[in-house]
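Across the two complexes that follow, chain A remains constant while its partner is chain B and subsequently chain C.
This part shows the complex of A and B:
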């Protein structure tokens, strides 16, 4: 019995450490916290996001150059990576996840900052936009996959991929080479050219690669980009949503961080 | 012998056959050099255009290869080994190759009177790869980093450790003091770093068979930033080998052995650097009787509107850095300023350095100009997402033996196209714009030089 308890405790510790950022608790947002956040922000973030959070830091232009993406303007722009409905502000946990995981290709993971520093910098970033005070964002329910991937699920997902016109941007095989992308019709909210995500390469999936991450992207969309929310279309169609997730994941392989 | 037309045809053919396949490779948004690989970000997170660093890359370098604002030893993706944290080998190792697929020298070769009647010679050379660098760098634990660069110059032959040093960072408190020990490039933190240029250095053409401590002539000038150059004609190393007036030296040397510290104790706007070296040109000329010391301060502005600017001033005090033809040591000093401004796609930089040799031996009184200056002004601009145009002006008012010294002014123009963020092809031409100076000199013999090449980093 004792052995089982020890095993259970050990498993809980492992689970907690692996998903710690998901359950990280935000400290009280006060002047002291924001003051600490300002110091971290000036050192770690301002060079891209700008001293005033407008996304116009000295180094930021070179990330996308004439195209998208560019560093987020925290003062006016919408946020891409959310667990909330399209058009809403992100939750604290959403911001914590982005800071912790980074954005593959464009923003490094800031896991090297302590959890306290990450929360402090989030408190400071939120001070750039009054919407964070005015809105109480409600996260959508992002369930665990109700059934595992299967050939039938993937095949159904493939049909849905066409039905919902995913191929128009992402291409038949998910390479990001759909006709809308190739014609250069895709623009971000600032009117800059943006390419469709390459779904065949998990390392380039900016909002995470777990099934729940893909599900979240489908349901929330990526505000500020041409990627819409399918929350309404897939309302009450849980099976369809997960079939689509399974198909999207079947387009890619795990290649980690190595990119040759 | 190729004519210009046939050279262009050959160049076009090679570029088409060798480079065109790269255009049809699937494009990736990400770069893959070591640090970009480790952090899974694009090269341009840290570079305006490789190898030139942007503000973020500069801070990453200053922080000992840790992300700015962190002191974690680059923990991401690492494994623990006791107190050490180690990356995958591929995250430590990078490689850069620069090659001129075709090089077309159009120069008029005129050695000094009596040695050569002077012939007009258009010369075409193939040099691929011209130079490659293998480097390993990163962190081994919190606030301890390292960098080793192994370079190979195909023309000169042989490989050598160009740089190799260890960094100890954030001593005292964050950004108060960073320490470097080893063989490093002293000026890497100034506004214009010697080893980070879009228009790479091209060595001079030296007459063979030079004898120790006797005048040695150059057929053709080197193409290097004049502010960084040795600037003096008539200096020798310990063994009596003639020192090139076009090679980087003193504070702007590519690498010297010593210790230095730097930090930003008052915030981002101010950087200091103090160092002591065995001696500039240690391997070539410094008799190492005394250590060389230097200091640099830099003021930064970088807040918003995609704009940044900085200005640096330095002073370098050299001890017995070279010999003159009487075989006596001379103390050779340098001071200078450099500045840089970046606004969106445009990056403008300049450096000006004054070199002074104190106490010229009495035997050379009236025969030796003890002061020399160099000015370098350059700019890079992205004209599209992938095309970078660079221009650089260099003016060298040379010093040294009056009967040898020749000043020179060049303008270089380069267009670089990034096939992927880590693979670029380029064309470049350098023009001699001071042809009025008397003939029969290295500075005059180069009319223009054309290059077509490839620059690969992975």
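This part shows the complex of A and C:
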């Protein structure tokens, strides 16, 4: 009973935070906003991402110099964590989510900044790349799980995990030790070595650990890395997609939390 | 043309000789004569097209409508033999080795195949015309075609004809244009190419797979044929820069003065 209450509370927190990202509204992007964002950026971001947003900050020299991940180059590189199709720019809400949550193991959460400051710094970051003005990103539909996890769903997800060659990079047990990863064949968009995510460790899931987060990663892919989008392959196959999500989540040690 | 005329004379002769036999025969013969006239006319048209494929005649014909830039891209250096890359997975489909030929030079003319030639007109072209579709085919673990020039707005149609998993990862200036999984038996994936520049296409599943799509914002480009020849028409007259790109030989640039009419010959050589 106590376990179910904890699960319910965890789900409510996740839903509340997801809802706040979806409805977070960006203020008007003007010179004043960007000016405020520049102040925040230079204080909080430039150390890694560089003064010009090229991912060449002083700390970035040590982070990801020879292997990925490394601080994002906002001027040319793609954004990994999006709700949009592969190759598209992220939405404002995507950036807000990343700034607020951080990236486990790499980028700290900036939840300590006020909402106004976070929006301001996003406006400033977007000024580094003209694509933000030229393109209007459209988020994909990321639904809630239509059915709960079950042994049957997990078993079917396991078969799909092999069918879609997930094991080639992430390994049989999701440890990130698939043959492509072990051989060093995985490279990011700049040719730096990159390892496959360890799906058995929640901390390795940089795009979030909720079922919708895993679903989003499958559908959008992680641009700039070898992880492709399965959005076209899984189009019209909602059950398969969620079976795969359930299997991936079953690989992590905290699987009990997601049995509902 | 002569054989066609002979055919017409024979048919006409037969028609006149048999026209008096019966009304049905008469109708058939009339139809035969009309058909033959059509054949002669259409063959004559085909011959004129065939004549126009002769470079000199073709250029003369086109130059009446505006300037044409023609030329050849050549290379006289050593040509490495195609390399055999060992395949470490999906050998039942890909084979045990994949032969990668990145440079093809015609022995007689030294012309280089699959060079992308572009003339920078210095002005944007608003009318993109009909949407160009570029197939990116995954077949026996090779991308087809390996190289292709396209216009901004073209649609890449990515197909997997293999019974194994591929992904197509297309990038531009270190940014991902698209990275899609292609499961066996899945339908084609379509993506509009919105940005100009050299798009590098890779498959992360099979690291030896690579291709290129060069996207331009105007229509003034061509891809060299087997003997390294190219032809670009419709350019505005004036001083322009012609640029050529090859995946292993690199780039060349040359300034050209495009006349208001006529044919401008521009030859470039990779050293």
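Note that in this section the second predicted complex is superposed on the first by the 231 of 260 C-alpha atoms of A that agree within 3 Å, B and C clash if a C-alpha of one lies under 4 Å from a C-alpha of the other, contacts with A are read in each partner's own complex, and residues count from 1 in each chain.
The definition used in the following text is that a contact is a pair of C-beta atoms (placed from the backbone, for glycine too) under 8 Å apart; a residue touches a chain by one contact, two chains touch by 3 or more.
Just so it is clear, the model here is predicted, and its values are computed rather than measured.
Asker: After lining both complexes up on chain A, report clash or fit for chain B versus chain C.
Answerer: fit
Asker: Looking at A:66, would you say it contacts chain B, chain C, both, or neither? Reply first, second, both or neither.
Answerer: In the superposition, A:66 contacts chain B only.
Asker: According to the stated criteria, A:250 is in contact with first (chain B), second (chain C), both, or neither; which is it?
Answerer: neither
Asker: Under the stated touch criterion, name the partner, chain B or chain C, that contacts more residues in chain A.
Answerer: More residues of chain A are touched by B.
Asker: Once chain A of both complexes is superposed, is A:149 in touch with chain B (first), chain C (second), both, or neither?
Answerer: neither
Asker: Which partner chains sit in contact with A:102 here, chain B, chain C, both or neither? Use first/second/both/neither.
Answerer: In the superposition, A:102 contacts chain B only.
Asker: Looking at A:185 after the superposition, I want to know if it touches chain B, chain C, both of them or none. Which is it: first, second, both, neither?
Answerer: Only chain C is touched by A:185; chain B is not.
Asker: If you've got the overlay open, could you tell me the nearest Cα approach between chain B and chain C in whole angstrom?
Answerer: 17
Asker: Of all the chain A residues, which ones make contact with chain B and with chain C?
Answerer: none
Asker: For chain A, which residues are in contact with chain B within the complex?
Answerer: Touching chain B: residues 40, 42-48, 50-52, 54, 56-63, 65-67, 102, 104-113, 175, 195, 198, 201, 203-204, 257-260 of chain A.
Asker: What residues of chain A sit close enough to touch chain C in their complex?
Answerer: 73, 76-78, 85-87, 135, 163-165, 168, 179-180, 183, 185-187, 189-190, 221, 223-224, 226-233
Asker: Contact residues on chain B for chain A in the complex?
Answerer: 26, 28-30, 32, 37-42, 44-49, 54-57, 59, 66-72, 74-77, 90, 174-175, 267-268, 302-308, 342, 344-345, 382, 384-385
Asker: For a test of understanding, state which residues of chain C touch chain A in their complex under the given definition.
Answerer: Interface residues on the chain C side: 88-89, 165, 167-171, 173-183, 186-187, 189, 191, 194, 204-205, 207.
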